[in-house]
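Paired with subunit B in one complex and with subunit C in the other, subunit A is shared by the two complexes that follow.
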Partner chain A sequence: MRVPWLRLLIVPLVVLPLAWLLFTGLGRDPRLIPSPLIGKPMPAFVGTTLEGDRFSSADLAGKPAIVNFWASYCIPSCVDEHPVLLDLAERYGEGVQLVGVLVNDTPDGARGFLARYGQVSWPTVLNTDGGISIDYGVTGPPETFFVDARGVVVARHVGPLTAAVVARELAALGLTP
Partner chain B sequence: MIPTLGHLAVVIGLAATVYAAGAFLLGGRSGDALVLTSARRAMYAAFGLVALACLAMVVSLLTHDFSVLYVARNNATTTPPFYSVISLWAALEGSILFWTLLATGWASLVLYRYRARLPALMPWVGATLALGTAFFFAVMAWPGDPFVRVTPIGLEGNGPNALLQNHPFMGLHPPLLYLGYTGMAIPFAFGMAALITRRTDEEWLAVVRRWTLVPWIFLTAGIVAGAWWSYAVLGWGGYWAWDPVENAALLPWLTATAFIHSSMVAERRGTLRTWTHALVIATFVLTLVGTFLTRSGVVNSVHSFTTSGIGAWFAFAILVTLGVALGLLIWRLPDLGDRRPPGAVVSRESAFLFNNVLFLGVTFAVLFGTLYPVLVEATTGAKASVGAPWFNRVNAPIFVALLFLTGVGPALPWGGASWATVLERFAVPILAGVGVVVAAWALGVQDAAPLGILGLATFVLVVMGDEVVRGARSRARSRGEAAPIAVLRLATRNRRRYGGYLAHVGICVMAVAIAVSATLGIDRTATLRQGESLAIGSYTLTYDQLVTEPLASDPRVIETRAELSLAGPQSGPIATALRDYPNSSTAIATPVVRTALGEDLYVTLLGYNSTAGTATIRVFINPLVMWIWAGGAIVALGALFAIWPDRRRAAVSAAVAARA
Partner chain C sequence: MRRWALPIAVAALLALAALVLVELLRPAAAPTPAEQAQQVAGDLRCPDCQALSVAESQTAAAAAIRRQIVEQLAAGSTPEQVRAYFVARYGEWILLVPTSPFAWWIPAAAVLLGIGGLAWWWRRGRATVAPVMQPVAGRAVREQIRDEVEQLDA
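Moving on to the complex of A and B:
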């Protein structure tokens, strides 16, 4: 009986593209989702701070800014990144403006956190109705957005900040300690 | 000590399966019975060894032996015993261990049952099964070792995945699904053996039909149980989201279902034989693809385990399996020619053919939608996702057409039908379907989808009812039996046909329930203060108070529940909660579901404010949802009825054997 040798060419025609597809899919992190906000103006927000002052995101214009979403219940991630934030504020000084935004947390909880892990020099906005988290597409604290001097979002970091991430993102904004 | 024993069992198991594969290949060529017996026994030994390894893991979990990395990651001292035991399949390495247990279990069962039958096929069946299980043992020996140790040993573990310790269904859904997945290796092994030995006749088809139906029942039950789990645990009020892993389970189910239908044509008419072989191969490859998708980190879903080196192993296994099987099929194409010309357009075989084309259409659509994000990312680097609306829109019309064929196919004769027969068979069912649609419309159902499905389901049910009545009536007349006995005898004398009908009844029930629950449900979200009420449908929910306390069964878990009083049908106190697990950053919903024949009341807590004492709840009224689960059970029962050993036939074959 005639064996259809030529038809066997179908095998590599099917298997090789599939091999390429499966192996290129490996080694990627499917949870890594880029923010659609990157390259867009930062969503504006207005709110009351922990100290009871009024804060508007318009106040951030003219300087690079870091918007840090956090909460007192976010342990250990927010505790881990707290010294990084304190260190960053000290080293970069007036070069960058920091603002914290609470995620689903009470003012008392947040004050207790700061009393325990170190007071900060920058404001934290209460975000009582969670609207700011929704505008920024925050999945959970901590999450940090880097904004350039024109008010355009340039990067998003999910999870606790590290000194290396801060140095990299701020260098991209033209800032050095 | 015990984990070391488990690891040792895995390593010896690997040796046993490699030996079995070699001995089956050798014995298959030489026909040496002693070698073949030793190969079979090596597979039984592998089953015993992996059972020992599973036992070692379960003991490690129950005794909270945190020197084992898997236990440290998936168990805590406070984990209740039930969830400790089922943690065997709650994470990557353990699930592969459990998978191997089931795969070697199936292989041993088949090798034992056919130890004295099909002598030409069995060595190759054994070799295929041994190679497949050897792969899983190898994965456990190298990249996915479940017994990796850690030092220093922690005093407390991370605890099981929060989602997986929230509902007892986790004890049921994965084993059912895994039994279905692993069992699909059996038809594949028989398919390979038939192609290798060129015995692609009706004998292997009969065996493969039975051994596809057995895992098919488990796969069906597993998919329905998974939908039920998703409904009862995830708190979003739905049961199917076209998540990659749901799709991964559905894909082999679709091709296996297509096979069950096409094999009937192949058996009766000797046509569609290449096609039937291709479906067996596709089913098995798709079970591997499903495993790959869930365990490689290629796609994101509620089920995906952490990124690991196992992905590359699975990708390699898929490619080798597909390459070898496809090559073998093409090589044997000359053997697989159709023995008869195709029948007329209006005939049972063409209904089966359309059925297969449609099943393949759904398979392709689901596969494309699932792999599209991977394809886009591989070519452009961009992230993409395909949502449930796309899957619904593409697949809904195909499923409707399939439902139509469910009624048409079994009522058409083989070979061809005249228009007079068609008219005679279908006039009453069509009228009944139209009648039900008009009645439902008059009763206030306005949406096209539930009306259409209701009409179609009625059509299908009346066609089948008519078939049963005809058969029973002629039997009652010729043998003088009472009507109920005639129906029973008719069904038990022709199990495959009537089991199939029963499965189709289940499909009709599910179709109506899905169409109605998807279109006629209502939901409302409200933030309530204490004492405030929310009215929906015929129910009124009054919010009494918010209670936060540790869970009695596991004090590390903090439950915040909104206590509500329900007025209306099934009145009484109900509570819906959010649970905070120490190892989960998001709270896990614990919805409360009040099930009735007509509709489910489904209440889930979205959020709360402990200072203000308010609770935000979402309430769904999901009509007919319990009929989805009931329909699934009927489908599985129908298939079980179809494969139930026939006492009469068994007696005949025993008599034949005795005479010989």
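Moving on to the complex of A and C:
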């Protein structure tokens, strides 16, 4: 009882750092982690598309691009963002190039998804060995990277795209519908 | 009890120091490529799991990373280079063991604080309990009792 102030001091000394640790440590979420790719040239990739064509990311040069990682098993997130992608392709037209990349999925699974939720006008690369996912540091579908006309990654969005996110990121690239 | 505290503490510290020394001086056997790959995989977080390493996880993403680790080591990269390769793509997040020294100081500070708190608590406990045990009979009383008993016996 000689030093009650010391006891009072123990509470903030012990509780506050613990609370801070718990808050910052356990609250960590892969969605909130910024990509180290931002500001860097997009990782190049080549592959076969769902249609059997060859695709090279070098073909994207000169125009802003959206690289969208998706999978047919990614429900409901990929289902939710599908109409957003269809809408953006229609509204922005030639202004932006879209390319899909499959994440741990079979071509048949992806084709079934498109048949069910709507065919798309842009290519989807198969990414059979998962190498493209690693190069982009993808934690899981859906994940989307926005690339400027010089081929530099400017933004990463983890989780389903929304019309608001698309409008914001494309406006940052100087694009309007 | 208190007499033994210091020797025990010193002995424990010496034993710990000896262990660390043995661990440091032990000739390290060169790890095989498979062991190296396993070790790097153990250091990396599985990107689509919660709190599992790439070595432990069965997901396709973890398998793809394991494949790349083996390929890169076979191509001559050092384990550090392989780790850096994945950090450049996923960020520091991919490492299960933090590189920031701050991350090590906090637990060390917590342990020291805990030891300090325990020592303080222990000393305080002794200070209040120890003085209670005073002999009931003083020296003079005891001598008097002995004298009287001897007189009765005589």
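Throughout what follows, the second predicted complex is superposed on the first by the 146 of 177 C-alpha atoms of A that agree within 3 Å, B and C clash if a C-alpha of one lies under 4 Å from a C-alpha of the other, contacts with A are read in each partner's own complex, and residues count from 1 in each chain.
The criterion applied here is as follows: a residue touches a chain if its C-beta (ideal position, glycine included) is under 8 Å from a C-beta of that chain, and two chains touch if they have at least 3 such contacts.
What you see is a predicted model, and the numbers here were worked out from it, not measured in a lab.
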| item | value |
| --- | --- |
| Subunit B versus subunit C as contact partner of A:131, first or second or both or neither | second |
| Partner chain(s) touched by A:104 [first = subunit B, second = subunit C, both, neither] | both |
| Subunit B versus subunit C as contact partner of A:74, first or second or both or neither | first |
| First, second, both or neither for A:37, with subunit B first and subunit C second | second |
| Partner chain in contact with A:11 - subunit B first, subunit C second, else both or neither | first |
| Contact residues of subunit A, present in both the subunit B and the subunit C interface | 10, 14, 21, 30, 33-34, 104, 140 |
| Residues of subunit A touching subunit C in the complex | 10, 13-14, 17, 21, 30, 33-37, 43, 103-104, 129-131, 133-140 |
| Touch list for subunit C against partner subunit A, complex | 47-48, 59-61, 63-65, 67-68, 86-91, 93-94, 106, 110, 113, 117 |
| In the complex, subunit A residues that touch subunit B | 1-4, 7-8, 10-12, 14-15, 18-31, 33-34, 74, 77, 104, 106, 140 |
| Residues on subunit B engaged by subunit A in the complex (per definition of touch) | 292, 296-300, 304, 307, 311-312, 315, 318-319, 322-323, 326-327, 330-331, 333-335, 371, 374-375, 377-378, 383, 585-586, 607, 610-611 |
